[in-house]
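See structure below.
Chain IDs A, B, C, D and E follow the sequence of writing; residue 1 opens each chain.
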Amino acid sequence: MLVAILAIAALAAFFGILLGYSAIRFRVEGDPIADQIDALLPQTQCGQCGHPGCRPYAEALAKGEEEINKCLPGGEALVLALADLLGREPVAMDIKEKIPSVAFIEPEDCIGCTRCIQACPVDAIIGAAKQLHAVINSECTGCELCVEPCPVACIQMRPIQEDIQRWRWPYPARQPVESDSAAPLRDAA
Amino acid sequence: MITKAKSILLSGSVLGAFAIGGVTLVAVTQGSVGERIADNQYQAMKRKLDTILPAAQVNNDPLQDHIQVSASELLGAESTQVYRARQDQSPVALVLEPVVPDGYAGPIKLLVSVLHDGTLGGVRVVSHHETPGLGDKIEEAKSDWVLDFTGKSLTNPPLEKWGVKRDGGEFDQFTGATITPRSIVNAVRDTLLYVQQQGETLYEPLDVDTTAPASATGGQG
Amino acid sequence: MVIALKPKSSPERRLWRFHGGIHIPDEKALSNGRAIERAPLAARLWVPLQQHIGAPGRPLIAVGDSVLKGQMIAEPTGFISAPVHAPTSGRVVAIEPHPVPHPSGLSAPCALIEPDGAETWAELPPPLADYPQLDPALIRERIRWAGVVGMGGASFPTSVKLTPGTDREIHTLIINGAECEPYITCDDRLMRERAAHILEGVRIMHHLLRVRTVLIGIEDNKPEAIAAMQLALAETDMGGYTEIVTIPTLYPSGGEKQLIRILTGKEVPTSGIPAQIGIVCQNVSTAAAVADAVLEGRPLIARVVTVTGHAIAEPRNLEVPVGTPIEHLIAQCGGYRETPRKLICGGPMMGFELRESTTPITKSTNCLLALAPAEAPDPEPALACIRCGRCAEVCPAKLLPQQLYWNARAKDLDRVQDYNLFDCIECGCCAQVCPSHIPLVQYYRYAKTEIWAREQEKRKSEQARARHAAKQARLERQEQEKQARLRKQKEALAAKPAAAADGDDAKKVLIEAARQRAAERKRSDAAGQD
Amino acid sequence: MSAPQSYGHILSGGVWSNNQMLVALLGLCPLLATTTSATNGLGMGLATTAVIVCSNGTVSLVRNLVRPEIRIPVFVLVIASFVTLVELIMQAFFYDLYQVLGLFISLIVVNCMIIGRAEAFASKNRVDRALLDGLAVGLGATLVLTTLGGLREFVGQGTLFFQADLLLGDWAKAISLSLGDDFHGALIAILPPGAFIGLGLMIALKNLIDQRAKRRQVAAQPASAQPVTAPT
Amino acid sequence: MPNSVISSPHVPRVNRVDRVMLDVLLALIPGILVMTWFFGWGLLINCVLAVTFAVAAETVVMLLRGRSPLIALRDLSAVVTAVLFALSVPPILPWWLTLLGMLFAIILVKQLYGGLGYNPFNPAMAAYVFLLISYPVAMTTWLAPAGLAEHPLSFMESLRLILNGTLPTGFEWDALSSATPLDEMRGKLDLGQTIEQIGQSQTWGWLGGRGWEWVGVAFLLGGVYLLWRRLITWHIPVSMLLGLTATATLFWAIDPHTHPSPIFHLFSGAAMLGAFFIATDPVTACTTKKGQLVFGASIGLIVYVIRSWGGYPDAVAFAVLLMNIAAPTIDYYTQPRVFGHGSART
């Protein structure tokens, strides 16, 4: 009996020492998961998630300190992608998704105060003090961060117009009868 | 460096401590209920034997009184236990553990008791892999078929009638399966033949030397 | 110039087979019996300012301008770009978005030209009849100037295709006269009637590419076209390197990659171009347009369009100026025999529906198809895929259409690419044979455009990330600089007391004024809405 | 980490909403192998509950002593000790049941459900919560095991709680139910494939009930943060 | 507006699911006739019962799912499932087993997975296996074929037997039933008889068991019709039969006394029915050509293995179901080389 106890204890002690050594020897630094999350985020830097930019939100997610449904520009697609990456349960978005828009500065009202320029996270507004400001449409991420600071409320968000270049083929309306079932089982392979 | 070594040793000792705790717990329990467990096991085996032995006539403990024989030809296994039931030293019955090698799906283990007059005290199936719903009617729980053996001997029916009805014998096969009952009938017949061949030698009392170890192994059943 | 000494290679030229394909009723007899006719000018021409794949052109005209026939009204802005010329003389009435031939039915900028009827030509560049002696660059420049684009439907600028890279030798020129889609007969008629002209174009392209072989592939359901081309070929000195190859009728043998496979046995690598395997492929109409540009100095301003379908009273081929509204063409063909179920631009297998009768013809519009209800019955509701595999059997790209379908339907854009979505040529064979009547091609098109949109978004977000990072870095630098300055100022302040700055106050006054102005405007807006 | 869960939440999570067998699909080995009858399922469930309560309690008590690198071995040691304990007790007091379940009792050691709770819950929570969680999870498992066992037993041989007296004593003969010998049971239910089919049906049933409940809840109040269905 | 966009092709579609299914039913007719000839009216009664139950089950499930049952019934897939099932089970199967089988096939195997096109397992075979495992005695009690039977059952006798379980007066089960050739082969080999001795028996015919061989030939004929109509390709049937033949030939060559000939295997049990009508079920089979070869050959191999050493005499259903599971994986690893990919012939 005593022999059995001692043998097991010795074995356990040996493996404990081995594990203790391994824990020190093979420690991994850094947090690559945050990079992966950051790559999924839309990089609007809009701050609507409550974090100052996309990277901080990614880091918070990586630490498990945040919900995955905070990114409004990413929408439901992002929630599903994050749920997939982080192995979490998908959660519905708080608010409906917005239509993609860009900021537009009313030229007549702009007083050239540069506050919107300071607010823009991606330098998509050009202009100088006391000069008319203008939005570079192709750079604007639609984050709306410039709308609030404008003292004369001359910035509006305008939906991006559909044109031939931007047009997408619609998802077929003629669905097979079992259209509501999700991805088929056969695809699991 | 020192802290590192310390932390490694700490890991080892914590794990070791848990091992000691766990094993001690198990050891203490084992010590307190071990006898009861052994008794349970012994009782279970005994109950099984009692169903195929004329219990009223037996007053020894067949589980303590057993020998090991080797007769792969007729009993299907390299070595088999033979339990002897006696009443006041006079032989009553033998219990053998033949193996049926040619079941439909692998070997079937039997428990067969043969009374001293050569008739069957009973046949039970210990383990098998027969097709559920077809071949598994050899189990006592599923069908009464196996009970039909009780009372049969090499003369009742005569040796040539030891087969299933489909082969011209006396024993029922059950619907949907012939192979399984056929193999069992053959195996029981062979067991009877073996007992007949060996005669009284199977009842010979054990030497004093071998009794002790035999009873020890018998206890573990 | 290669002198033809060797007799034409044997007619038993080896042909290859591509996987799949289908036989469908070709319906060509509807329209191939009549000669090409010139349609009278329409009252208004909507000329799309971009009629090619590539960088959009820059408009050269303004509303109210008078234009002459053949005058350039939009100039190319890049290497892969093409100009647009006025199809007739007249006045530019408007430049505005107007429906153009596109699956979306959306509008794009067009010049609305009101013809003056005089058909006055602008000053044209001189013909280059002596092109064999000229610098190939000059000839390419002429083709580029003429705005020649692929007229089989792709509308890729032809001059670019005729400019092979220096690293790869082009050995074979393939002229596509297969015209495999049902109904369409414009290339057929063109080959029958203008074979010599087409061959002139081929000779120019042969000269530019310096290829060893020219193969003209024509499906065997157009025997007259084959005969006409052979006759014309016999009268030229091109026989030494040119061969007219009769190929079996099988849809989609007119697909570029399929035709190359049939004629040479080679496969164009995935997401590659024929030039990578030493081949250039051009349509017969394009060859004719090249001949126009080089030998006559005329830009591409008109083309032959098949107007057909059982709903058309008198189907035929019309030569029409680019920009002509389709309603005008249908009127020229006697109008409708019965109310069409669908109006299709292009063939029935790959074309798309047109919704506006004022949609104009472009350089790549080869067919206008008015399908009667019997020809194009309403699609039945799709049933579930039963995995019968017919689609895979007919797919000319050897894809697994049902896997594409499952994944496109599940909107799994990654996996649909794993199954090589982008090798799909959208020929429609799979959908045609599908017993469950699933709109397969639409699923693929949906997935393709979604993927493109997603990639664009990704690029944009990548850009935004970089710009954000740059801004952060700049702000940090400025902060440090400011700290440094403040330190210095503090040191200076220690020396002498500062004067109050009043610049801030002035700014505040200005902001207040503007704020009031904006508030005023909002009030008036609100009042207006009430 | 989020605030500690309420007792009610722990209980309902273990028994229903986060049922380790139906939702997390853990511990399938005993689930599929031992549920040939309601009695077997109940016995296995009770054994598992005993082990998980003990191991959760112990792990929670020592959670601050154990270093991360030897966490798992310690859990395994704790669980293995308790399983052996349960096995010994079973052999001593429920020998007939032990003969049926014996092989699988030892396999409780590697039941990922138990180590999962030790790792995910007990090692992060106070001992009272850990015990409650163990009890809830064990009850959830027992519920599933007994139900599946009953289902298979009923469909397969037309009885319910057959031989329940082996486990519960003679009074349990009263709860045994039999449809009689004329019943043609679908043998497949008792065989291994029946376990899979039955489990699948039970999961489907649970999802159905949850969906209904959710729909009712949504109808009652406009949703704020409803989970969307995962695309699998 | 944009949602009304309909993509090309704008031509009438040439194929329809219901016509495909109808053709399959047509192709089954020779087999049905021959089986009825040899095994009596019970077969037809079973067909009618199975079709009725299947259609009823499909209707109920579609209604429960809140859809029009017509959509599901119109494609005739339930009828095909029912007929295939009725052809696989003994012709005197009690009606309630047919009912159980059809409920299992339509509700559990087909509709719970989403209906036609979504079921990973062949419904008819899943139902067959479900019943075989659950009720092995009823599922293995076959009638003796015409010519060997002591008493061929009349229509009313068959009906009574199926609905009531009433045997014709004066006959016991043993007089009516007879082991299938596969069963008999297995049983007699087990007794130590050689193939030659077994072949002497009057139950033996020309290719396999008396009567059974003609059933095989009839299904082969139907299969040829399917091939000719291009509803199936040769890949699965040929590879499955080759897989079975090759394995059987190997063992036969090793010892022809204890291993029946490949011909026997081809014309016994459900080999032909399985090869042309069951393994080729497009929903549950492989879809790539290479994959179909692997799929078919594996079924052939598994059939031989289970027939020779398994717990049940025939094995087509088990083999098909096993390979159904593997089909998606096989498909994944046998994708054809896409045009323009990899080593193109130049």
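Throughout what follows, contacts are C-beta pairs under 8 Å (C-beta built on N, C-alpha and C of every residue); 3 or more make two chains touch, one makes a residue touch a chain.
In UniProt terms the chains read A = Ion-translocating oxidoreductase complex subunit B; C = Ion-translocating oxidoreductase complex subunit C; D = Ion-translocating oxidoreductase complex subunit E; E = Ion-translocating oxidoreductase complex subunit D.
All values reported here derive from a predicted model rather than from experimental measurement.
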{"item": "Top chain pair, ranked by how many C-beta pairs fall in contact", "value": "C-E"}
{"item": "Identity of the most central chain, Cα criterion", "value": "E"}
{"item": "Chain whose Cα centroid lies at the greatest distance from that of chain D", "value": "C"}
{"item": "Interchain centroid distance [CA atoms averaged], chain B/chain D, Å", "value": "34"}
{"item": "Intercentroid distance (Cα basis), chain D paired with chain A, Å", "value": "38"}
{"item": "Chain centre separation (chain B, chain C; CA means) in Å", "value": "85"}
{"item": "Contacts with two or more other chains, residues of chain E listed in rising order", "value": "2, 5-7, 71, 114-115, 117-118, 133-136, 331"}
{"item": "Residues of chain C touching at least two other chains", "value": "103-104, 379, 381, 383-385, 410, 436-437, 439, 442, 445"}
{"item": "Interface hub residues of chain D, defined as touching at least two other chains", "value": "67, 69-70, 73, 77, 187, 191, 231"}
{"item": "In the complex with chain D, residue positions of chain B that touch it", "value": "7, 10-11, 14-15, 18-19, 21-23, 25-26, 29-30, 33, 36-37, 40-41, 43-44, 132-133"}
{"item": "In the complex, chain A residues that touch chain C", "value": "41-45, 53-54, 109, 111, 113, 120-124, 139, 141, 151-154, 162-164, 166-172, 174-178, 182-184, 186-187"}
{"item": "Contact footprint of chain D on chain E as seen in their complex", "value": "100, 108, 112, 130, 133-136"}
{"item": "Chain E to chain B touching residues, read off their complex", "value": "133-137, 140-141, 173, 186-187, 190-191, 310-312"}
{"item": "Complex contacts: residues of chain D adjacent to chain B", "value": "62, 65-67, 69-70, 73-74, 77-78, 80-81, 84-85, 88-89, 91-93, 95-96, 99, 187, 190-191"}
